[in-house]
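What follows is a set of structures for review.
You will see two complexes here that share chain A, one where it goes with chain B and one where it goes with chain C.
What follows is the complex of A and B.
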């Protein structure tokens, strides 16, 4: 570290303010949250220390918790397994065939900057029953596919998928932007050299674009995974976790427990679980990608 | 690059806690928006508190958290009129309004309560819902204040009991409502049906309207208390009178009591007859009510607080909307027993820096409240008696009908979440919401309730 020729103390002095603020805003709340998870507390009155009972109940004796975890992972899985590949394809196509791609990329990016509340309301209207002006059902009816119509947000088996579609739609542009930027950063002389060697089109994608975009793709994967684990606002706006917990995810369950059921300690236990889940998943993703990195570099 | 996984793990936890920190924001970090506001109000009251000896001359700032943020609501206007009148009479007092919608206010108050920074005046809900706050010793008793200027005499008899704990009164209500059924007269004519006098007739009416292609009832079941409110009215009938939940709390009954399962079955009859609009569980309260207000549904079960809004709506053109009492179920119950909804209420923080001035202002506010509301034609369903000739003041036929229903009230029950603890209430709400989307055996519903109750009781 002596490249800079500055003493360690000076580095510490400059890093410290940020570090303090960061730990106050990030690590202290995590620890407090873990601690609150050990309490039987309604958030207002006196708290009672009950050890790991909240965690025990959450993991072994809560009929809502594991399905909520399942739905959260489903959302994460779909967004990594479906959304990211689509985003990658679109990004490759745009960078190859579109001459002035910025406008197109910005258009795809538009839903990301819209407020989730607006998007939620918009899609609620689209999903409405045909009699209430729901666009999707009206289209299906006009195509003669009455049997395909559903009340998308209120049938317990379908509702979560309807919400997931919206989440994917909203963040697709975000990942297109990230990956498009990644592709743009690949030096064009590599492609030119490959062309001389006879590799263009799909072959160039397979042997140049994909390996070189791995680091960027990893960012996309981590972001989409963590984003999915935290998904909360869209659920709140569109279904509120209902009907009868059919669209409950971990974050909305945490909110409902802490603020509606007023079991603040229990809600904190769920929050702690979410933190651990995020950490474990991030480490796994990193492990996988470092293998991938090694293979291609 | 061995630090990389660690760095990304840190980044990940930072992102997660963007969310998690919001929930733990009341533990000291001011990361949420609510936290920031709260901080600033606190600084205000501290800088203005100064020394307490000569407060009569000193600048006094009172924070008044309220749930009247909607300019089309008569209460919005009333609040500002009364406050500016008071400020004119007391130049040293400044009332700072913190107007939030109901849900925001609930969350904000809980956040504030956790750090013991309750605003001078705030809003709470009656009975079980305000009990945790009272138990935490956050509110000042209003026993003395309510005697001043005859304020106590303006309140209806018995209403203050819902806000009294251990003989101490902790809040004063802004309303007292009952649950009624609004109906669209024209749509009833088109459907060839009459106002039902029993629940069985009501189910028939639903079927007949449905057959004529008229949407029978509207509900905003995304806010799950709406369905629960209706269900509880059925239970009030099948139980042959009020007090079912209290009996459960006292250990005299369980949720597996026949009265409860009968109510579940009756409720499911109504749902299965197709009473409610498709996708009801994704309609929030306003969206559900709008179906009725815009003449797209024939009946609407709601508290009488909806009267003002429905009065002004297109459905009520030419005095087209009428009201009726919720009928008997299987011949049981008394239609004069209503679901009662004692309103949200004003409570005063015990740690207020200007307790004396705050109490004085609240006294003034509540004495003037019914008068102003009467002038603004919003005096239906107040907790206080209102002097004045409603008919002459131009209140509509429907409003007069509602007022007459109030005269028939012979007791009743409070909503589920006003009687039971929050944990049980949430389980109940989602159990009832589930009945809208899947037919469930009444025994199973009863069992769900009983399990939730036993898990959550202290």
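What follows is the complex of A and C.
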């Protein structure tokens, strides 16, 4: 129970500065964005109110929009379906086989803290044609696999996968760290008790680690899903959404529409869609996991 | 709700075959080694790349070490002094943001955790909802708002949104910790005749150094690396922060491969140095941030 009885103006002095700045810079812009989504506006000249036309066009009559949504979900799906299971396995292995895990975990984590610009440029260099010093193609050529070489970021069919690989690479260490910490926090007496009952190794993982890691795993899922919905800086650094919109995701589409095509109203409609998508996704994921939690407890 | 930052505890090794060599163990270590290579080799490769001549880079011998270390690349990258300007700008923006976040969030966190008032949880909820809102959603409207306020293309236009987007997690972490401070401390302070501001400043704040450190780390990593807002709101060369600066450098010097490599290394260097010094604190802080978010 909080004990300090404080007069109203003192509470205001403590809370309001933060709350006001926060609302002005987060909630007000979101509302403005929803409103501008209703305008036909290039961001500079006169705005015309056109109701829901932007949203209508976005959802029914835009050949770039749905593929961009698809790519965003693809990134989220690969991230949750490939990256997280790998991270979980690695985390379990580390906790079982390594006595001084800090070095290993810290090394895996290093790419996470680097700027996306550095990461993106680094991988652009790796993906470069062999004649420009690109490592990947040089490796393939020296292995005699000339036919496998590609210009990884400019072939429309491949480019998005090249970018996704980088995103997975960068954040793998983050999820390993999160899940490893979760496993570390499972009390070890549970495992000792299970060993007496004859459950060790894989069995212990299945019946102890997995159920008890659910809350932490949820955090990884939310982070990777929301992160994928917002993933945008990596795309902007590596491809800018090109070639010919082949790597466009929702956020980059919003950016390009607003700043390159000068369709500010339309961009705002996409931004509103993104905000709603994030909120809905968070709620759904939380709902799913609270069911899962109940099943295991 | 107590502050339960997950800790990398002393490892409890659950290895049944301790000390004995087995096939499984060696397979597992091979997996670890492969991961180390995939996670770190690209960075090492960049370092080697940055010390090669253009000819060596283009020759296709990617494993080869440079014949002689081309420090020239680094003086190319540092020439013109942009690097240090970008670095200074990043330092300025990040530290101002950090100080503002800590002041605002600790005030609010203190009020939420210690005052007896009806709306404490409601205020906390407001921040929680805000955490789900993607920063990109505010990009366009902020651009227009800042243009009208005439602060586009100033550091203020970066610090304000950075601050706003770092406060929710900060409020959450700090108020969570402050709830766990025993009430006897402030009761005795009241008996001694201290006002709330004194209690905040002399008692709550000094005790709350650990969560404030966590907030510092999260803010540092997020803001130091932020690129999209920095590239949208600021265009003047002298105001660019490091990530945007690296980006512009790379686009300008597109044929000086070694120089680009050197600039990328320099761009990564500050964070890597800090990571070497504070690896454990940073990993703990990032996990705490993730768990709270």
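The rule is short, and it goes like this: the second predicted complex is superposed on the first by the 272 of 297 C-alpha atoms of A that agree within 3 Å, B and C clash if a C-alpha of one lies under 4 Å from a C-alpha of the other, contacts with A are read in each partner's own complex, and residues count from 1 in each chain.
To be clear about the criterion, a contact is a pair of C-beta atoms (placed from the backbone, for glycine too) under 8 Å apart; a residue touches a chain by one contact, two chains touch by 3 or more.
Please read all numbers here as calculations on a predicted model, not as lab measurements.
Under the clash rule set out above, the superposition-derived model of chain A with chain B and chain C contains a clash between the two partners.
In the superposition on chain A, contact of A:178 is made with chain C only, not with chain B. Residue contacts after overlaying the shared chain place A:259 against chain B and chain C alike. Put chain B and chain C next to each other and count what each touches on chain A; the higher total goes to C.
Looking at the shared chain after the overlay, A:116 reaches chain C, while chain B stays out of its contact range.
When the two complexes are overlaid on their common chain A, residue A:274 makes contact with chain B and with chain C alike. By the document's definition of touching, of the two partners only chain C reaches A:11; chain B does not. By the touch criterion stated above, A:97 is placed in contact with chain C alone, chain B being left untouched.
By the document's definition of touching, of the two partners only chain C reaches A:141; chain B does not.
Look at A:33: by the touch rule set out above, it reaches both chain B and chain C. Legend: residue contacts after superposition of the two complexes on their common chain; A:232 is shown touching both chain B and chain C. In the overlay built on chain A, none of the stretches 24-32, 222-230, 330-338 or 348-356 of chain B clash with chain C except 24-32. In the superposition on chain A, the residues of chain A contacting both chain B and chain C are 22, 24-26, 28-30, 32-33, 36, 43, 131-132, 222, 226, 229-230, 232, 251, 254-255, 258-259, 264, 267-268, 271, 274-275, 278-279, 282. Touching chain B in their complex are the following residues of chain A: 22, 24-26, 28-30, 32-33, 36, 42-46, 124, 127-129, 131-132, 151-156, 222, 226-227, 229-230, 232, 238-240, 242-246, 251, 254-256, 258-264, 267-268, 271, 274-275, 278-279, 281-283, 286-287, 290. On the side of chain C, the complex with chain A involves touching residues 6-9, 11-16, 25, 28-29, 31-32, 35-36, 38-40, 42-43, 45-46, 49, 57-58, 60-62, 104-105, 107-108, 110-117, 120, 123, 126-127, 130, 132-145, 160-161, 163-165, 167-168, 171, 183, 186-187, 190, 196, 199-200, 221, 224-225, 227-228, 231-232, 242-244, 246-247, 250, 257, 260-261, 264, 267-268, 271-272, 275, 279-280, 282-283, 286-287, 290-291, 293. On chain A, the positions that touch chain C within their shared complex are 1-6, 10-11, 13-15, 17-19, 21-30, 32-33, 36, 43, 90, 93-102, 104-118, 121-123, 125-126, 130-133, 135, 138-139, 141-142, 169, 172-174, 177-178, 181-182, 184-185, 188, 191, 200-201, 204, 216, 219, 222-223, 226, 229-230, 232-233, 236-237, 251, 254-255, 258-259, 264, 267-268, 271-272, 274-275, 278-279, 282.
Chain B contributes residues 4-5, 8-9, 11-21, 23-29, 31, 106-107, 110, 113-114, 132-133, 135-136, 138, 215, 221-224, 277-282, 421-423, 425-426, 430-431, 433-434, 436-438 to its touches with chain A in the complex.
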